[in-house]
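Structures are listed in the sections that come next.
Heads up, the next two complexes both have chain A, just with different partners, chain B and then chain C.
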Partner chain A sequence: MKPGWILLGLALLLPPFLPISDYTLHIIILVLLWAFVYTSWTVMGRFGLVSLGHGAFLGLGTYTTALLWNHYGLSPWLGLPLGVIVAVAVALVIGYPCSRLKVVGHYFALVTLALTEVVRLSIVAWRDVTGGSLGMTPNTVPPNSFEAMQFTRFTWYWVALAAWAIGLYVWHRVDRSMTRAAMDAISDDETAAAAVGIDVTRQKLAVTTISAAMTAVGGALIGQYQMYLNPETMAGVGVSLQIVFAAISGGMYVILGPTVGAVLTIVLQEFLRILFGTRFIGAAATIYGIMLILFIIFMPTGICGVIVDKLRKRRA
Partner chain B sequence: MLEVAGLEAGYGGFRALHDIALTVEAGEAVAVVGPNGAGKTTLMRAISGLLAPRAGRVVFEGTDLAAVPPHRIVERGIAHVPENRRLFPRLTVEENLKMGAFSPAARPHFAERLEWVYSLFPRMRERRAQVAGTMSGGEQQMCAIGRALMSKPKLLLMDEPSAGLAPVIVDQVFDLVRRIRQEGFTVLIVEQNVRQVLELVDRAYVLEVGTIRKSGTAAALKSDPAIREAYLGI
Partner chain C sequence: MDIFLVEAIVNGILLGGILALLALGLNLIFGVIDVVWIAYAELVMCGMYAIYWLYAVHGVPLPIAAPIAIVFVAILGVLVHKLIISPILGSAPINQLLATGGLLFFLQSFATLLFGADFRNIGLRLPIVEVGELFVSFARLLAFGVALLGMLGLWLFLKRTYVGTAIRAIAQDREIMVLMGVDPSRVYLITSALGGGLAGLASALLVLQYDVHPFIGLSFGPITFMICVLGGLGSMVGGFIAAFIMSQIISVGGFYTSIELSYVLAFLLFIVMIFVRPQGLFGVKS
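Up next is the complex of A and B:
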């Protein structure tokens, strides 16, 4: 395992220096940033807390950062942490009653789905400030401005790589913690977990907080990188589902699962988009949707889950 | 040590328990016996905080447990071996035991208590890396008791430890309970297997349709004609 990680790390230092097109580098950066977001989702999703509310955390992170910059000139370096605080506050306001009232499973998914739509509709409705459904662009300054968090593509690659690596590190730390075992116990049998002395609410809120905070960071970075925010692509059910699908298809129980999910979904999306171009509007989205459904039915543990299983069987 | 008075509890519109009064002194083993549906499990859940009582008091070592959440009750020294064992089937035996010592107060003592539970149940040491859901019923019961002991409780609540087990295994489980008594634990045990449980406790309460009908020493109940007829089949 260890040499594999070192090789992967070294390989990831190369792309900006390779003779690849700007477009390819752009796709790699997107994959890294979204992989970070998908990894964030699995921090809670792997314990049966299937949240469709991550579109909300993503949107709160990105819009808080961009709005504070455009309207108050507050540097995204300060705006981003504030966006994280907003997202975490919302996560706790939703998560606490859900846990106390034992809202789990489908009902939890529905509550979080509602949350994500509330955030999207609020952004759309608050048109004077957010630009509504037309979206908004952070006020631009000369490129590679550190203060405005507006970098060249070359710099963005390193930012995205760092975010992704930190995401994996957090996932790993959670995986090795007592919280991981406690959350597994809670998802097996919540009542028994409470009976043996696990503070169910506290454990759930811990993973929810980590997950929401990371997602808000991811949202802010994606917004800053793309320099364009749209409520449809940065908040709401659409992006929530995209996160869930990618995390599940890659495999949410394996550290690199969400990353594989990001590669798969983004490359597939781009491939279909270019393949169909402007012909057969909707065909790309349909094929994409069908493939995801097949994945979830036939590979519930995701690509990485299946691979890890096969390797384990071979060793045994 | 434990004093329950005027306890009333239920689910929705259903009143499962009313006007329950019982006491457990330190060092005692007390049983609550009665038929299916008498409210025995409800009583256990009300004591361990899994179900909020509607009225009455549950007082443990002088503190009312009314508003105390379940994990704090465990910290105060009441451990619950739930009905049907309720292990975490996907976790290993050792992880299950670890969960029993989850409270911040118990965590530093995890290693020594694990050793102690393994010395009580050597079988669990052999099975430490096995996924709990794949063990036999008797072993699962052993693991569930071990998990409760990991918090080093002052009072151990046991809900039908013999339920769903083969007769030979039931004997083994009752032997386990006897050993736990010898270790000096105070035990409150709920059972349908009246004959065997009366052999191992000091006192017992008879619970029928949500209320306590009779109580007394194990010896007195064993010779009570009504009990003999209804529960012991003599």
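Up next is the complex of A and C:
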């Protein structure tokens, strides 16, 4: 490993010790956690499997963890893996027929859209247990309880950093794997890929499983960090689209793309919120919406995609 | 039979009329231009706000406000095509879907900016019609009737006029029509205006029954896509029947369980149907 990388790694550990406000640290943690979720989405999104259903995995991860803790006192350290199992099971139940029956493009987007709404509405309908659309709060214990996965903001920074780094590592491994080559071939021409002996279903389910599992982990962590869960913000169409758009605007074909997307969307949102205050509710999201349309029309490979392209051209 | 169950069935039929109208507009765009306007229900929201603004804020009578809103949403439809869809018509279909997804965010938040997040009501109370032991809201009956008329009008337009024939022809074969000397971009514009107009008509009918708020589109947008696909792309009859199946599931399902669970049931049915009959109930296998 080059010394530059080690220095960078050490620098990343520093922020909690720096004289920055609690608020800044909070924003950094949010960026890291959401960047992890956005990175998870691109693991399958980059291969043309545009899922509008990641809100479902996010919701399943976070609600399974919190519900088991609140109702059975099961530690989130056990609840989180269970949430991941639930999310992966759902992903396979939907993903397998999608792949076998060649549900792609628009249809794949609409099936996953239906899935995310099923999860959101089920959470709302099961209001006796989940708190419905009012949301729920995990039962609190004194701060920095390891068992309850409730830490101080100081500790949360490292947890978020670790999750983010693992996310990037998984992305990198998938990027260098045979699965990546196979998936590239599949997204180009599924029939041709199958003809040269690629097990299309197996490859698709592999990336779907990784993506769903990571998203569920991200959901559980975000829920534990915020200590508040709401079906509208943790499941459903709204958050699914938020995930897709942040990943696309950052750039889904570059490792740091989703992270840039997270920085961009969260910082922009906070900046505009402070700039406009409460006088213009919706101003931030209005500007965000216009940006998304422009991004998809003019730079579909996202910010990082454009930068990488420019660098390559200069080198050539 | 339980009178409340009968009421649920009747309300389901009445809801089906509006859903059919919405699905028809979306189906037209989906079938002809091959684009999913994820923000379709948000266009309806714009129409509802237009009527609210004209009628409740400025006192314009409803019979004048409604046509203005329809034209307004039709123009929005043209703008959506001109500004968002046509620059990326050549790129992957999923990009077009995502671009209108950006529009969804934009319209929702722009409406919040203009009107706030409050629920707005036009403050018009239409009478309740009593048929035997049955109570039916007049607004729903009116909406059902007008929706049927609107669909009939569209059907006649597509079957009887030259432009309508061109639209149907493009939906059948995009490549050949260009060789026959039809300018697809003009047909696309007319289709977008028609789709927008239908959304405008639906908004005029919905504003009589529901409060308008920036996120109302999310409550019937997804179900409209499901109906559209369930009926089979390009099949007007299929979409019509699928709308009534879905509305019965929602209405009668809601009667036996809860409104959320009935929607869950409808979405699950959609997922299963995509796997069993991907071409839709009445679609033709390509």
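Assorted remarks:
The rule is short, and it goes like this: the second predicted complex is superposed on the first by the 308 of 316 C-alpha atoms of A that agree within 3 Å, B and C clash if a C-alpha of one lies under 4 Å from a C-alpha of the other, contacts with A are read in each partner's own complex, and residues count from 1 in each chain.
Assume a contact is a pair of C-beta atoms (placed from the backbone, for glycine too) under 8 Å apart; a residue touches a chain by one contact, two chains touch by 3 or more.
The structure displayed is predicted, hence computed values, not measured ones.
Overlay on chain A: chain B and chain C fit together in the combined arrangement.
Ranked by how many residues of chain A each touches, chain B and chain C are led by C. In the overlay built on the shared chain, the residue A:I94 is in contact with chain C alone; chain B does not reach it. Of the two partner chains placed by superposition, only chain C is touched by A:L241; chain B is not.
Within the superposed three-chain model, A:A181 lies in touch with chain B and out of touch with chain C [touch as defined at top]. Of the two partner chains, chain C is the only one that A:P300 touches; chain B does not reach it.
In the superposition on chain A, A:V103 makes contact with chain C only, while chain B stays out of contact range. When both complexes are overlaid on chain A, the residue A:A114 reaches chain C alone and has no touch with chain B. By the touch criterion defined above, A:D189 lies against chain B but remains apart from chain C after alignment on the C-alpha atoms of chain A.
The superposed model places chain B and chain C at 80 degrees from each other around the C-alpha centre of chain A, with the value given to the nearest 10. Within the superposed three-chain model, A:I198 lies in touch with chain B and out of touch with chain C [touch as defined at top]. When the two complexes are overlaid on their common chain A, residue A:V308 makes contact with neither chain B nor chain C. This overlay, made by fitting chain A, leaves chain B and chain C with a least C-alpha separation of 6 Å. Per the touch definition, chain C reaches chain A in the complex via residues 36, 84, 87-88, 91-95, 97-99, 101-113, 116-117, 214, 218, 221-222, 225-226, 229, 257-258, 260-261, 263-264, 267-268, 270-271, 274-275, 278. Interface residues of chain A, counted against chain B in their complex, comprise 178, 181-182, 184-185, 188-189, 191-200. By the touch criterion stated above, chain B contacts chain A in their complex at residues 48-50, 69-71, 74-75, 79-80, 82, 86-91, 95-96, 98-100, 102-103, 106-107, 147-148, 151. In the complex of the two chains, the chain A residues touching chain C come out as 48, 50, 94, 97-98, 101, 103, 105-107, 109-111, 113-115, 117-118, 121-122, 124-125, 236-238, 241, 244-245, 248, 280-286, 288-293, 295-297, 300.
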